[in-house]
Amino acid sequence: MKRTGTLGAMRCMLVRDLTLAVRRLSDVLTTLFFFVIVVSLFPLGVGPDLDVLRSIAPGVVWVAALLASMLALGRLYSSDYNDGTLEQLLVAPQPLSLLVLAKVAAHWLISGAPLVVLAPLLGMLLGMPADALQTLCWSLLLGTPVMSLIGAVGAALTLGLRGGNVLVALLVLPLYIPVLIFGAGAVEAGMSGLGADAHLSLLGALLLLALCCAPWAAAAALRISME
Amino acid sequence: MKRTGTLGAMRCMLVRDLTLAVRRLSDVLTTLFFFVIVVSLFPLGVGPDLDVLRSIAPGVVWVAALLASMLALGRLYSSDYNDGTLEQLLVAPQPLSLLVLAKVAAHWLISGAPLVVLAPLLGMLLGMPADALQTLCWSLLLGTPVMSLIGAVGAALTLGLRGGNVLVALLVLPLYIPVLIFGAGAVEAGMSGLGADAHLSLLGALLLLALCCAPWAAAAALRISME
Amino acid sequence: MSGINWFKYASPASFYPLAGRLVPWCGGITVILSLIGLYIGFFVAPTDFQQGEAYRIIFIHVPAAWMSMCIYVVMAGYAALGLIFNTRLSAMMATSLAPTGAMFTFLALWTGALWGKPMWGAWWVWDARLTSELILLFLYIGFMSLQASIDDPRRASRASALLALVGVVNVPIIYFSVKWWNTLHQGASIRFDAAPTMAATMLTAMLVMTLAFWAYTITVVLMRVRSEILERERHTDWVAETLEQGK
Amino acid sequence: MLEARDLAALRGDRRLFSGLDFAVEAGDLLQVAGHNGSGKTTLLRMLAGLIVPEQGMILWQGQPLRTQREDYARDLFYFGHLPGLKDEFNGVENLRFASELAGTLVTAGEAAGALARFGLEGFEDLPAKVLSQGQKRRVALARLLLSEARLWVLDEPFTALDVSAIDVLRAILQQHLVRGGMLVMTSHQDVAVTHSGRVKQLRLGR
Amino acid sequence: MLEARDLAALRGDRRLFSGLDFAVEAGDLLQVAGHNGSGKTTLLRMLAGLIVPEQGMILWQGQPLRTQREDYARDLFYFGHLPGLKDEFNGVENLRFASELAGTLVTAGEAAGALARFGLEGFEDLPAKVLSQGQKRRVALARLLLSEARLWVLDEPFTALDVSAIDVLRAILQQHLVRGGMLVMTSHQDVAVTHSGRVKQLRLGR
């Protein structure tokens, strides 16, 4: 039997979560379907006027992506918590924050990346022009990992609480708002001829900030929640 | 010790769930806040132009109410399922469908009724005129119970499945769409001077239909899920 | 080491009586300062040539808006102390600050809305500053509901402390929102790098009101922290003794 | 009388048991034994009507279960792996709500009495959430004292109980049998519930 | 060596225990006893570093726990009430992932061997979801065979096991002690783990 180091454990965590996702494929698909359905609810609720739709499209796609990735948060730790694996992670000899980082990476690959891929299609249906679609992709590519990272903290804080999935929404949404503003802002700026670069680089800065702070905060939150 | 009948058990169920809600008050409040937050995300994503906002307001409020009541579904059976109470309900000597009906009633009082009360306020912030606010209230008053009832079936079917809360969205959202169309349609018809009555009476018919079928279907779904 | 031993007051047992002695003083200061501030604001300050009398709402609105942000920072500071040094008192301070902070946030929103109607013709516009202030309210509410939904007080205060720290990023966003986006809302007129642009009496009234709000905050928070201490330390001997004496 | 005729359970590809025949009469204890995974829980859930048998049938008073679900439910007390307590309710509230939903109205005094019998005086006011594993099971088992069901189906009732609680439970089970109740149970712990000789053993597995 | 000095636990208003002092040395078994709700689980979770003690401290090799969390974790095997299995994984996968996250690389063969030792041949390919309560615990306990930790902290390891599994587990625990390992455990079942005489008893509660 061989000892493994931190990197090995992180890799193992990633592989494990991705394998689990493959076994529970319906989970991955449902986040996507949720995204599609929310976007397609809007024409139903707002009416089919394409000009109105085009003008609200960036906002709608972004809000839908935000809600979808928030909903997916419920699955980040809950199964590990319920079956006792999380307790085992806390007593594991690796830095918890790095394990959490690996977990979040897997979670983003499962629930964030598909959104980025699917968003242009939905944007197209709402009548967005081609170059705006590209900006949309970029903004989501930078924005969804930030949301996963922030969400990891919120989900850790509400772990095991009744009504956790609504509470997590309350905690996490206010922190998502800057992401939403810059993200939807980038697309709108692009559509109205102003450059989207300023917004995108702000999003990038948010991503860096979240990468540095969130795993650490999430690990601390997990220790508090499991006490 | 005295025997109780079906009505007694239904009353007991209602009282029990409402008492629980009072103990977990934060649950009730969080559904509400979720509703508020989702509505306030839109101006952020779409931009502050009040004319645009007013025109999409009925759709936005309705979509937000729909999402909030869908999220709340997660709590309908989950705690009873996890702690074994649901198993006990299945072996109880009362018709399961009526117990479920009582449960749904409690759930609506907790998570649907507050939405109805709060919706006019949000509509006002989005610039809706006063009589449209009234129609909004009526449409939600008829629509939210339908959503709770339909949701009870969906939640029962996905009980105990991993990723249940996303799966339930997938099952339930398509069924919510008629409610959304008639609900938001009623408000829009009211705002554009056409009468909202036709839409409202369709909503009423949906409510009756759901009242007759949903408890029975939910009970059957519960028996299947618990096998 | 000479002088006051500050660490002594970091223990709930010695802070409790100290807080008890401070409360009446701070309460008195609150009353006096608000009377002065309101007097200057409503009777001394001149009528604005553009906005008429309605502008006087500024004497509540601006101090309340300032307080809403300051209290959040102070609360996060206490939360950090509690989290890092595991001091019980700091956690209780953070808990007691939250409702007051939320109250001021609400006050700023409400007075702003009242003011917006005559000024912009709408109760509410979705501009960056207003929205970020709304987010601040949500952060306070999130803080309080997280705390309310955890039963174990120790876990509750540690979890919400972490949340408060994460939420601090929002404060600069509120403050700079007027700079970053051009919006309807007025920019900062009091800045550290430029002379104030408003009349001296207005400025005085606003500053006095701010001080009054601070005094109010301290009073209420001390009162709240006292009951918090009693509640969380009820199993200790000194609380039992204090309660005996109080009877 | 509870009867099983030619009962079989299939789980996945695995035939857990088949051709099971037994009858439990008033005053009888049916002790279901077997190694881990031999199908004890599956059998008990079938008897409670939670699983529909693959083959064979279960009769209550000579009638098949599915024709009389509600009457049967009135006579049945089923206790599975989960205690069925609400975290937010204290012991008394938990007992009262659970009993009322199961069809019996119980006063606060009766509930407190039942808890006391299980050694939980002083814990009545604590929400179930803060109770230890064993205390939770005690609260759940206290429902036995408030039940008028004739057939008790208990899946490992002694789990997590300490010695004194096991004694209390054994006495309650004995009393139920003496009064002419029926009892079907499993247990990996070797607890002699009764010496009356009306004990039937059912061994599942190889 | 594991040492506790003046340890106290407070839960709500209730003082579960206080002034607890003990030391566990190589080859020692510390058996924590006490009635339901006396604080055994709480103590074990403290020893695992999951709960920060209200008062007092825990030392490992003479150093306080919090200064050496990761080194201590390498020496610790903690087994709580929950088995920590993924429903979707089969036994071998569960064992391999769990061990690797705990810092030991395990081959499929080794994992299958450990399962076989616990009498689970033929069940290796079943997802944990379909296993019975006892089988799940067997899979989880098989991790003991793959662990190189010196200190084992086990909370009611015998729960839900049938007689043959109890024998296997007892043998494994004995071997661990003979090899100089340390063991802290609770159990309501009366299982004599070792006769070496190096057994310390710790009674919590009145």
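To keep things simple, chains are lettered A, B, C, D and E as they appear, and every chain counts its residues starting from 1.
Note that in this section a contact is a pair of C-beta atoms (placed from the backbone, for glycine too) under 8 Å apart; a residue touches a chain by one contact, two chains touch by 3 or more.
All values reported here derive from a predicted model rather than from experimental measurement.
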| item | value |
| --- | --- |
| A-E or C-E, whichever has more C-beta pairs in contact | A-E |
| Chain located farthest away, centre of chain C as origin (C-alpha) | D |
| Size of the rotation, in steps of 5 degrees, that lays the CA trace of chain D over chain E | 180 |
| Geometric centre distance via CA averages, chain D-chain B, whole Å | 36 |
| Distance from chain E to chain C - Cα centre to Cα centre, in angstrom | 48 |
| Chain D residues counted as touching two or more neighbouring chains | 81, 87-88, 130 |
| Chain C, residues touching no fewer than two other chains | 131, 138, 141, 145, 149 |
| Multi-chain contact residues (two or more partners), chain B | 24, 26-27, 30, 33, 37, 44, 47, 79, 162 |
| Residue numbers on chain A that touch chain B, as the complex places them | 24, 26-27, 30-31, 33-34, 37-38, 41-42, 44-47, 52, 55-56, 58-60, 62-63, 66-67, 71-72, 74-75, 79, 162-163, 165-167, 169-170, 173-174, 177, 180-181, 184, 188 |
| Footprint of chain A on chain E - complex, ascending | 48-52, 70-71, 73-74, 76, 78, 80-89, 93, 97-98, 100-106, 110, 146, 148 |
| Contact footprint of chain B on chain C as seen in their complex | 122-127, 131, 134, 138, 141, 145, 148-149 |
| Touching residues (chain side chain E, partner chain D) in the complex | 11-12, 34-39, 41, 81, 119, 123, 126, 130-135, 137-138, 156, 159-165, 188-189 |
| Chain C-touching residues of chain E, taken from the complex the two chains share | 10, 13, 15 |
